[in-house]
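Look for subunit A in each of the two complexes below; its partner is subunit B in the first and subunit C in the second.
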Partner chain A sequence: MTKTKLFALMGASTLGLMMASHAVQAQQSGYLSFLIDNGPQSVAVAEAWVAAYTEANPDVTIDIEVRPGGGEGDNIVKTRLATGAMADVFFYNSGSLFQALNPTQNLLPLTDAPFQANVQDSFKSVVSAGGEVYGAPFAPAMGGGIFYNIPLYAELGLEVPKTWDEFMANNEKIKAAGKVAVIQTYGESWTSQLFVLADFFNVLAEVPDFAEKFTANEAKFATTPAAVRGFEKLQAVFEAGYLNEDFGAATYPDGLRMVATGEGAHYPMLTFGVGAIAETIPDHLQDVGFFAQPGDDAAKNGLTTWMPDSIYAAKTTSSPDLAKDFIGFIASPEGCDIRNEAVGATGPYMIAGCELPADVPPAVSDMLPYFAEGGQNAPALEFLSPVKGPALEQITVEVGSGIRPAAEGAALYDEDVRKQAQQLGLEGW
Partner chain B sequence: MKQRTSIIGGFAAIAATFVVFVIPFLFIILMAFKDRQQSALRDFSWPNGFHLFDNIFEVVKTRNWMMITAFINSTLITVVSVTLLIVFAAMVGFVLARRKTRFNGLIEFLILAGLMIPPAVVPTIWLLQGLKLFGTLHGMILIEVAYNLPFSIILYRAFIATIPRELDEAAVIDGARPLDVFFRIVLPLLWPVTVTNIVVQSVGIFNDFTNPLYYLPGNGNATVQLTLYNFQSQFSTAYNLLFTNILLITIPPLIVFLFFNRQIVAGMTAGAVKG
Partner chain C sequence: MTAAAAPALKAQRRSLYPSWFYAPAAVIYAVLFLAPTFASLYFSLTRWSLSSAVFIGFENFAQFFREPFLIQGLVNTVVYAAISSGLKVVLGMLLALMLTSQIMGRGYLRSVIFFPVLVSTVGVGMTFTVLMHPTNGMINEALSLIGIKGPGWLVDPKLALFSVALVDVWKGVGLATVIYIAGLVAIPKDYYEAARIDGATPLQNFFYVTLPLSRPATATVITLSFIGGLRTFDLIWAMTKGGPGFASDTVASVIYKQYQAGFYGLSTAGNVVLFILIAVLVVPLTMFLNRKQGFE
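Let's look at the complex of A and B:
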């Protein structure tokens, strides 16, 4: 945005503010820019929100801007925050990436906004810094676990495994039937981390204070048997020969296609993959189920969860009240309904009063019991500890392709983590 | 015998060209004909149906006809920056080659520094904001000129050294003013290297991706390469639309090249013969 445009907007929005302050409940007016990532789901849902909001407030104009995701997207968000050229409202990760934005300096606190009363505390904790809350949930929560192909399970008479041994026994039968038991897609290295990251519920079940000790440099992956298990599982599926032949070159879309069409039986992934399946292979959406990564004890079976990404307002925004109102609209039950309508439901919402439609895909309904009363779930390590080594995906590719044994991989990850912890200036490293 | 080996060599060269240049292009075209499901396989197969026009329409109308804005912006940026580049680079090269002063070494060092030192994004944006040029097309044009100027200058300076000084002197004796000497005598003689400059720089600027990404935010400022991000994202990519988009933005430069092919080749060989 140019400076002159900015001044004009400031004028327009202060005018809007004056009008708004005169009448409570008055309609909003003014201009907002809204920066989102370029995932088709984000674009679709953002357009639906903006359409609904501007219909209710005809004097508001909202401009959607799209940025790439991944590392390039990180650079853009940080560059624009650093230069004061950030859009009024924008979308970004929560948790450790959020902390890297220097929120107290760059973001507008939303602690006192009325909509925060309905947001779950577990979400607030991952978008808080220096005692203030800065975000509102953009999407439903996600689970990390294993997608499976339902028709293949029915055909071979398999049951959803509750323990790792049952899982491996299923894999053996699938392999004997001439199918790919476990799909891995190291062509996109981030997908290789799932067996390790999604195993974290099982780590916590054994060592409840692992996260705190890990942050304080008292617990290590390599020396905690429960934590090494994740790496061992990765090694085990490779050594048993369960992987698809092209696991080194296949990509994430390949993996989703294979598990949906029954070319493979299991694909460890985050549940947000449901959205991509709905988009590319809608005919097979009903064929994909989901279960949490099994641990060693059937009684302690639970899901590792990921907090959704978040919406923030930039501190430099010229119309903070309008920005807060718009974010409040997104984080309302109405906003959830619009999301369900636009892109479908991919998981439980973090906002009180938000309902899922009755006809969610099986992979989503399989996930709900873990969140319901009596179900067990725990957040992934990256939401409990700021320490996440940048090279985990390279290490898990090595372990998962049999280049490096699990124990060595875990030890190497501990080394990788040390560098990051020292950069963050944590105590005890 | 000798003839046979040369024929075999010729065929090998044609085959290599086919594999390197034509097959990827065929792949793009085939992908542009497919629907979303089939394109997700990313294999070299015959399309299941004819979806080209659907794909083109979808690509052009996405995000409120962004493609059209993008073509206008990219064309403007490319044409204006290449024009400025050629005029400025030829002038600097001319002066550097003709006038020997004790500052020449320093100037050449600065030009090389411009070529070697990578520009930093955030300070550049601060500078642009200070000049009120950030997020504007003319700001972007100045950036492209600044980033590409050193390379063009080096090309020109080397070439101008081969033009005999007597030509300028003759022109001066005939009463040409300095600007006449440059625009009417020297610049036309520089045609071969100018063509090289146009080709290299316009391809580079038209295809520039990262600079517009950082220096030209906003929907109204999209350039053609940025429209690729409408269809390609971190977790989900519509390959049929992505490749249709690639096809659409590859065609204009291709047409320009076909059209100017003769002049480009003529320009280059003219330079070669002169030696």
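Let's look at the complex of A and C:
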């Protein structure tokens, strides 16, 4: 029915208005709602995409809806999906959080959509369930590691650390110079997880099969020394007094501002922060560099990588064809160019034909060697295992503010993980 | 059935209206209250994903009581309720005494004290979060002017719960004051005259006349604020989200976090626990307070 209506509309517009009809691509019409999170970059890029798409397809109306991020956002997405009230197209994490959405039941399969031919298989694997692919990349790939302030490093004559001991030695010099060595922002608790999550390359370097064993309930954080290290690192920077005074109340934008303006030297974060810096503090974009979270061995220095967040269509959508077309537009080289234009380039794309502009900010060019030939990287645990405990961010706040020792924090996280595995109905729990 | 029918018949004889007038209210009550209550009892025994539910017996309850932070949450809940209702009783009484005496601008002061009750709780929470910021907050900046280094009100795990409870008192004391004002005004003047003839001091006046005779008001204030404190959620969520870590978690915020994580069965089990907890604490409390009231 929509098809006939569509053709009727097309006919009417081409005949009636005598418009130039060289557009071979079928024009779309209809209505979509598009749910995104309220981060400034997400809003900026979503608005740019919608503007470009509706300009090419004037008969399409797309309403952008905004939700909070973090746990509050998880709640909204899960509840709206479960109650059949989800927006037609929406943005959400890939990997373990995607698995928790019950995709086979709630999401529209996109396996056969033409744009999937250009999407890298490594990305498809983190948005697949039951043999179907459900997502398309919303953003470039990311790395989890540590932002540092380049002018401060130059001023104090510091080198980018390759081991944790070098990192701590740098911190000591920065503290001695009267500066904040490590910025933490527990006012937004999700930011507290980075030291643990971004340490996963170092975990895999020592225990290559940790992810499989973890999923099968055979390996635990608390009983794997390499896995406890992440918690210990979190505790170590607190105990050494390297943190900013207001670490308990500071927020994510505060952290980005501090590392960009040199109020602090290091900020553990995902590289998508580059986009937010470009958006809010563009004058200092060139002052922020990036390195992978160092492990114990300089020879095994590599980056923990994050697959991009993804864009999905709800199974309940009333216009699946339009939804697929819009998602295909976002996951096309044209979509990437619009993103580069709107919020700048924050990392390598997962889509064939998407290019990074020549003048990427230093934090991005610092990250690219880890992805290049000869560089070392490994996916974060949440892309290798469907199990991620929801209370990790509270536990890392505790360990990172000296309330709970690292070993106990790791043990508590193992408890938390068990609930998630049981809810997912995994074998062996 | 017959036992229920007998009193209904008796009531019918006295009532002007036929008993089916109760039907609309009964339907609403059954659909919106009874049905969800019994449904939640069932779902608390399942692993539930909103679309499918697997029966797992009492495992959710076992899990809920294994939550390492649940015990702390329970203690926090009771501590929070006790602090906020205790302070509301004391401060509400003192403010009511002041506002029933002959002071300047009494009407204005009464509205000022009551005003915070009218403001949205979440709004109050967000405002105080800004005021209580450890380094840029107005409270600590004011303290630093007189040479005191203010504590991290909401970020110190030992203080966070108390800070939130204090804000709860600030917001709720107006209501307690109004209840006390009504109670104090209702005390007959004869008692005070008799006390004056007996040569009672103002302090004796308060302890032997005002305090015993305002017991009904005290019972109301304690019950209302204690129940409110037990199931408090909005203020805590707006200010600390149970943090830092789990330091200011209450039963309600633990339940909400389980719901947020998609553990619907587990969080429903938590609600059943909260329901029982409130019943166990509040039923004896009200019985105690009301019995004393009967003796007066």
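Please note the rule applied: the second predicted complex is superposed on the first by the 397 of 429 C-alpha atoms of A that agree within 3 Å, B and C clash if a C-alpha of one lies under 4 Å from a C-alpha of the other, contacts with A are read in each partner's own complex, and residues count from 1 in each chain.
Please note the rule applied: a contact is a pair of C-beta atoms (placed from the backbone, for glycine too) under 8 Å apart; a residue touches a chain by one contact, two chains touch by 3 or more.
None of these values were measured; they are calculated from a predicted model.
Q: With both complexes superposed on chain A, which partner does A:412 reach: first (subunit B), second (subunit C), both or neither?
A: Second partner only.
Q: Scan A:249 for contacts with subunit B and subunit C and give back first, second, both or neither.
A: second
Q: Name the contact category of A:394: first (subunit B only), second (subunit C only), both, or neither.
A: Touch status of A:394: second partner only.
Q: Under the stated touch criterion, which partner chain does A:420 make contact with: subunit B (first), subunit C (second), both, or neither?
A: After superposing on A, A:420 lies in contact with subunit C but is clear of subunit B.
Q: What is the contact status of A:404 with respect to subunit B (first) and subunit C (second): first, second, both, or neither?
A: second
Q: So, does A:37 touch the first partner subunit B, the second partner subunit C, both, or neither?
A: first
Q: Report for A:82: first if it touches subunit B alone, second if subunit C alone, otherwise both or neither.
A: both
Q: Intersection of subunit A residues contacting subunit B with those contacting subunit C?
A: Comparing the two interfaces on subunit A, one with subunit B and one with subunit C, the shared residues are 72, 75, 79, 82-83.
Q: Which positions of subunit C touch subunit A when the two form their complex?
A: Counting only subunit C, the residues touching subunit A are 47, 49-51, 54, 63, 66, 68, 133-136, 152, 154-157, 241-247, 257, 259-263, 266.
Q: Okay, in this complex, where on subunit A does subunit C touch?
A: 71-72, 74-75, 78-79, 82-83, 100, 102, 105, 186-187, 189, 245-249, 390-391, 394-395, 397-398, 401, 403-404, 412, 415, 419-420, 422-423, 425
Q: With touch defined as at the start, can you tell me which subunit B residues reach subunit A in the complex?
A: Per the stated touch rule, the residues are 36-37, 40-41, 63, 121-122, 125-126, 129, 132, 134-136, 213-214, 217-219, 229-230, 232-238.
Q: Which subunit A residues qualify as touching subunit B in the complex?
A: Within the complex, subunit A contacts subunit B at residues 1-4, 37-41, 43, 63-70, 72-73, 75-76, 79-80, 82-85, 252-253, 257, 272-273, 275-276, 279-281.
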